[in-house]
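Look at the two complexes coming up: chain A is in both, with chain B in one and chain C in the other.
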Partner chain A sequence: MASASLPVAGAQQLGSPKRQPGVSGTVKATLVPYGYLTPTMVLLVVLMVIPIVMVIGYSLMDNVIMKKNPQFVAFKHYSDILTSESFWNAVSNTLFFTGVSVIAHLIIGLAFAMMLNTGLLGNRTKAIFRTIYVLPWLFTVAIIAVLWRLLLEPNGVVNYVLMASGLAGTQVEWLSQPETALFAVTFINIWSGYPFYMTSLLAGLQGIPADYYEAAQVDGASPWQRFVSITLPQLKPIIISMALLDFIWTTQQFALIWMTTGGGPLGSTEMLSTFTYKLAFSKYQFGAASAAAVIVLVISMILAFFYVRAQKARD
Partner chain B sequence: MRKKFLAGLAAAAAVTLAVSGCSAGGTTASSAASGGGDVTLEFAQWWEPELPQGSLRALMDKFESENPGIKVKLISGPYASTKEQVVAGAAAGTMSDVVGLDGAWVNDFVKQGSLANLTDLMKSASFDESQLAAQVKLDGSTYMIPVANFVYPMFVNEDLLKAANVSAVPSNRTEFAAAAAAVTKTGKASGWVLPLDTATPNGIQNDVMSWVWASGGSMLKDGQPNLVGNSDVKDVMTFIKGMYDAGSIAKGTFTMKEQDKVNEFTNGRVGMMIDSLAHVNLIREQNKDLKFSVAAIPAADGYSGKRGMPYASWGIGVANNSAHQAEAFKLVAFLMGKDVNATLCNSAHAFPGNTQSVPDFVNADPIFKQAFEIYQAGTATNEFTGLPVAEDLMRSFDEQFQKYLAGKQSVDDALTASQSAWETSFKG
Partner chain C sequence: MSRAQRRRFARIAILIGLVIGALYAALPVLWMLSSSFKQNTDIFASPPQLIPSNPTLEAYTAIFTDPVKVRFFLNSYFVSLSVTVLTLLVAVLAAYALSRYEFPFKRVLNMVIVSVQAVPPITLLIPYFGLIMFLGLYNSYPGLILTYMVFTLPYAIIMMTGYFNTLPRELDEAVKVDGGSSWTALWRILVPISVPGLVSVGIYTFMIAWNEYLFALTLTKTPDMRTVPIGIQLLMGQHSYEWNQMMSMSILGCIPILLLFLFFQRYFIGGMTAGAVKN
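After this line comes the complex of A and B, so read on.
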């Protein structure tokens, strides 16, 4: 009621005849919103549009940065990269690393979120587990890399436990054997990333009305049927959004790979990010590195398109 | 009124942002002359974090007091970020006036046009070149001067060798392989440690090619790649493969970094390693009970010539875009001075870039004394210094060498593939 009466009170206070705005007033009124938007627009242009346009420009040049007068070479870098065996090896590794990480993040995150949402545990117990489960998310990538390098090194704790329990006969070189390295870095990434899903899904679970479950229980639905017919559909918008975001982030994972395996051994953990970095800062081929970065940008934009579409559908 | 004020504020903020954004890219030199006429030199390096706290700043304060009107601002960061900073700074025209350099970067930076010709600056300043232990030259001109040198001798865990009944420190490859096998056989440790991580592939320079140089060999011919048909390199590769197959090398070699190597040795898990003298104090601090000594890298059986020993340098150069190159070179000359160079090298536990400097630690510590004797008896060698994309050359060789060690290709195929990759890099 109070809010409805405010405009009237305001009009009475003004107490002046209604005036038509002049031309300059109309222009000002039109420009004011743009004034508000300007800082954001300038930031977007300076921090995003200009760098992206520059990188696209670089990708069409001979070898920018290292040459004073680079030549225009059109799409040569793109054709070189797309026909390179190393690039497709990196694509294949990135797809495996990302796909397995996203699926495992989802399954583990959902399982832990449901455990923390259960009514079978007391609040104190839940708080303890919530703290333990969220721990990996609190570490920076550098700490995660150092921690797991120490755990997985041939003389590390993991091998000690495996050998002491008789599960392994000899020391396993988890990060140094081509056969195990990709699985090892994927596992580390899964370990470090699931709490993001867990906390978001827990919030989603807590928003599902209890009435739905009670009604289903009255109708004789089993726990599995309640999970499939109530929990999953209710969480679907969150799951889709998070899976897409996670897919985008994981395809760009660089620091973890660089600090654990550097893309080796024998290229078995080479990702698009490490491939691009090596082109730029090891070979100093900034033109080719820019082309690789543009390819990653296009892939990310396609994923971002689906993310935005999922968000719109959710709204 | 409020709306107008806010709109005005927003517009002002936007203009400020735009102007600051544009001006950032327009700077042509990093040095600045303040209102009082002082010149402020920027000195980008990775040395400060690796030296005892305050020691580099103390030298800069001394320089400032000896050169009124010149101030030095230290831009310090880790080794890798210094390199990226120089690449980006040179492209943007914002490179620091004086930069710390690794010999492996020089060729690329000279190609980029980012380094000033020190030969010209030395002439202008009438600097006596004869006092310099080394200069990194390209096409006859100097672009980097090594300020401090870190040599890489062989470190030996005396207790492990004793436990393996190895009575003398190995001096040739046969003795080394036998000692490594004996240490491994004790079951307490591995004989040798070889870091081949491709993210930082300097293991190829320090732990693989060092064997070639120790026996007077070379990986180059007339400055060009010479790997195919090079028996010096091939012999070293087969020698290492033999130890790898025998299990004498510590596990995890393909993704092992230099720091892991030092950790393995410090914790008494390997009998021998080739490493920088710079790590002596670190090893002592972390394991006070470790008994170790240093020796020359074993040579090929029967070799009696001068032994090459790998080294890495803290080099120095001047930015081509510096507006104060003369002042920048004064700082270079100051750091290369007999006493200052000795002080700096003493703090870094490095061998001096000035031939007349003698740091105190060389005589005060038995291990450094031993290393200095080896250094003086041999030749400091690093063929990667001054080569184009040196780090990438190491990485491409590393990838092929790993394939060979893993049994996925022959030694000849590894050499052929490396030669091909190196030739492509040399062509640019």
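After this line comes the complex of A and C, so read on.
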């Protein structure tokens, strides 16, 4: 790395005689990287530093944006939110939604990846299946939401199949009754998210040296023993970092919930994201919404800390 | 059981497993495709028809002949392509500095770029709303393009830095020995040989912008500024749902991603599964 900071001064003077005289080569050289980084730093300040300072400021005022002269209220919004039942309901829904999604993504992703990694089938067959399996990945969340709304309509095809096969007696309103809505949105999220795991785990599986398995076979290890003592430990770093990444993303999921249930019915699918959004853009309580947004930020940063630590351990 | 028999048995078991998996993945998508060729009155026909009995292009013509709906697509293409070009431009410059220079605060800057990725969109939305209003960019293309870069830029910088790190330093040193500046080295030498990396990052960036929902929902207002994800939702707002049109718009909405996937499969997967961009 050091070589880059040692530009050949003479060559530079020869090559660019038009440069202003008086600025020494070394000063220029130390400024060069900042020149390249200026657009990035300007964008980071405008899009990240200022907004985060703003949202923290908003969260300490009584009602910003809506009021001309908002008053400072210190941590009132935080204590209001942390003692409100609807907030803790959103926390528990988010935990369920995220936890079940992450685990299911992992199981389905790993199962598909292992089937696609088999030596028993031809490469062409596997390529066809791999393409099919990636399908849910190609759709944006908005599309996934309307598609599943269509499928889960009371007189839709899912209910038809369930009733025709005798699994359900009557039409179930999957997304509009409190008992099933959270399961339904979680199910949809599982469908849309597993391909990311599958592709990464497949790459991981292909990276495990074949002689590990051969050696285990020579020792008479069963397929299950091989899975537990070779496959899982080898994939562990990938699994940990993907699960954490997925956890961060899924806790932030908004569009899927908003377009299927809007957080309802009766708050049964309210997530931290929809809770915050509603405070701001349905109730116009920007101060309280900002406090909720800061709480969400803190949670994400804690998760990100673990993610970065897992990444470092991996390197 | 003999060894050959066992292998055949295992093969069949895996094939069955793969087919069940494929049904899980593909049936909803097939249903979308089939519904887009139905009349709206046939959507909930009982028994359900996977192959429409009266196939029609009605839903597609309804979209192509409605300037408001065509506009959703034009908006999405314009915004996504702009975000992609701008992101690549800014990211290449930053990645060059991070890959080729040592300077104070480099570690801090790296940390900031990595952690920005974990900041929840909902946290940024509220201040962005205030900021965009203040800048007079509410309901405008620049407002969307600017805010989308907060999602695309960190990833693009990390990936491009990684890519540049794989390219030998001798390449740009040679340019400097010949009297060229670092600027020349970047644009004449590094960028041309980084096309695979640029394609990966570009695809990823385009997808993020194409799929974005929350900011598009909140930072635009009039139908002529809406993008495809919001457009699909607008079809849902009326008294009766135009399911067939929602499905045809969904099909049309995934076409750019599908084409990117088919033509650049290697880059696509590379871009999506972090850290895999190596030649």
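The rule is short, and it goes like this: the second predicted complex is superposed on the first by the 287 of 315 C-alpha atoms of A that agree within 3 Å, B and C clash if a C-alpha of one lies under 4 Å from a C-alpha of the other, contacts with A are read in each partner's own complex, and residues count from 1 in each chain.
One rule holds in what follows: a contact is a pair of C-beta atoms (placed from the backbone, for glycine too) under 8 Å apart; a residue touches a chain by one contact, two chains touch by 3 or more.
Owing to the predicted nature of the structure, the values given are computational and were not obtained by experimental measurement.
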Joint occupancy of chain A by chain B and chain C, clash or fit: clash
Partner chain in contact with A:Ile132 - chain B first, chain C second, else both or neither: second
Partner chain in contact with A:Tyr36 - chain B first, chain C second, else both or neither: both
Which of chain B and chain C A:Gly267 touches, first, second, both or neither: first
Winner by number of chain A residues touched, once chain B and chain C are compared: C
First (chain B), second (chain C), both or neither touched by A:Phe281: both
Touched partner set for A:Tyr58, first chain B, second chain C, both or neither: second
Partner chain in contact with A:Asn155 - chain B first, chain C second, else both or neither: both
Which superposed partner A:Ser176 touches (first chain B, second chain C, both, neither): first
Contacts of A:Ala289 with chain B and chain C, given as first, second, both or neither: second
First (chain B), second (chain C), both or neither touched by A:Leu167: neither
From 59-67, 77-85 or 311-319, the chain B stretch with C-alpha clashes against chain C: 77-85
Common interface residues of chain A - those touching chain B in one complex and chain C in the other: 32, 35-36, 39, 41, 43, 46, 64-65, 149, 153, 155, 258-259, 281
Residue ranges of chain A touching chain B (in the complex, touch as defined): 28, 31-32, 35-36, 38-39, 41-43, 46, 64-68, 149, 153-155, 171, 173, 175-178, 181, 258-267, 278, 281-284
Chain A partner contacts - residues on chain C that touch it in the complex: 7, 10-11, 14-15, 17-18, 21-22, 24-26, 28-29, 31-32, 35, 43-44, 46-48, 89-91, 93-94, 96-98, 100-103, 109, 112-131, 146-147, 149-150, 153, 157, 169, 173, 176-182, 210-211, 213-214, 217-218, 228-230, 232-233, 236, 243, 246-247, 250, 253-254, 257-258, 261, 269, 272-273, 276
Interfacial residue positions of chain B with respect to chain A in the complex: 3-4, 6-8, 10-11, 13-14, 17-18, 21, 83-84, 87-88, 90-91, 108, 111-113, 197-200, 250-256, 260, 269, 389, 391-392, 395, 399, 402-403, 406, 408, 425
In the complex, chain A residues that touch chain C: 1-5, 7-8, 11-12, 14-16, 30, 32-37, 39-41, 43-44, 46-48, 50-52, 54-55, 58, 64-65, 111-112, 115-116, 118, 120-121, 129, 132-143, 146-151, 153, 155-157, 160, 164, 191, 196, 199-200, 203, 248, 251-252, 254-255, 258-259, 272-273, 276-277, 280-281, 286, 289-290, 293-294, 296-297, 300-301, 303-304, 307-308
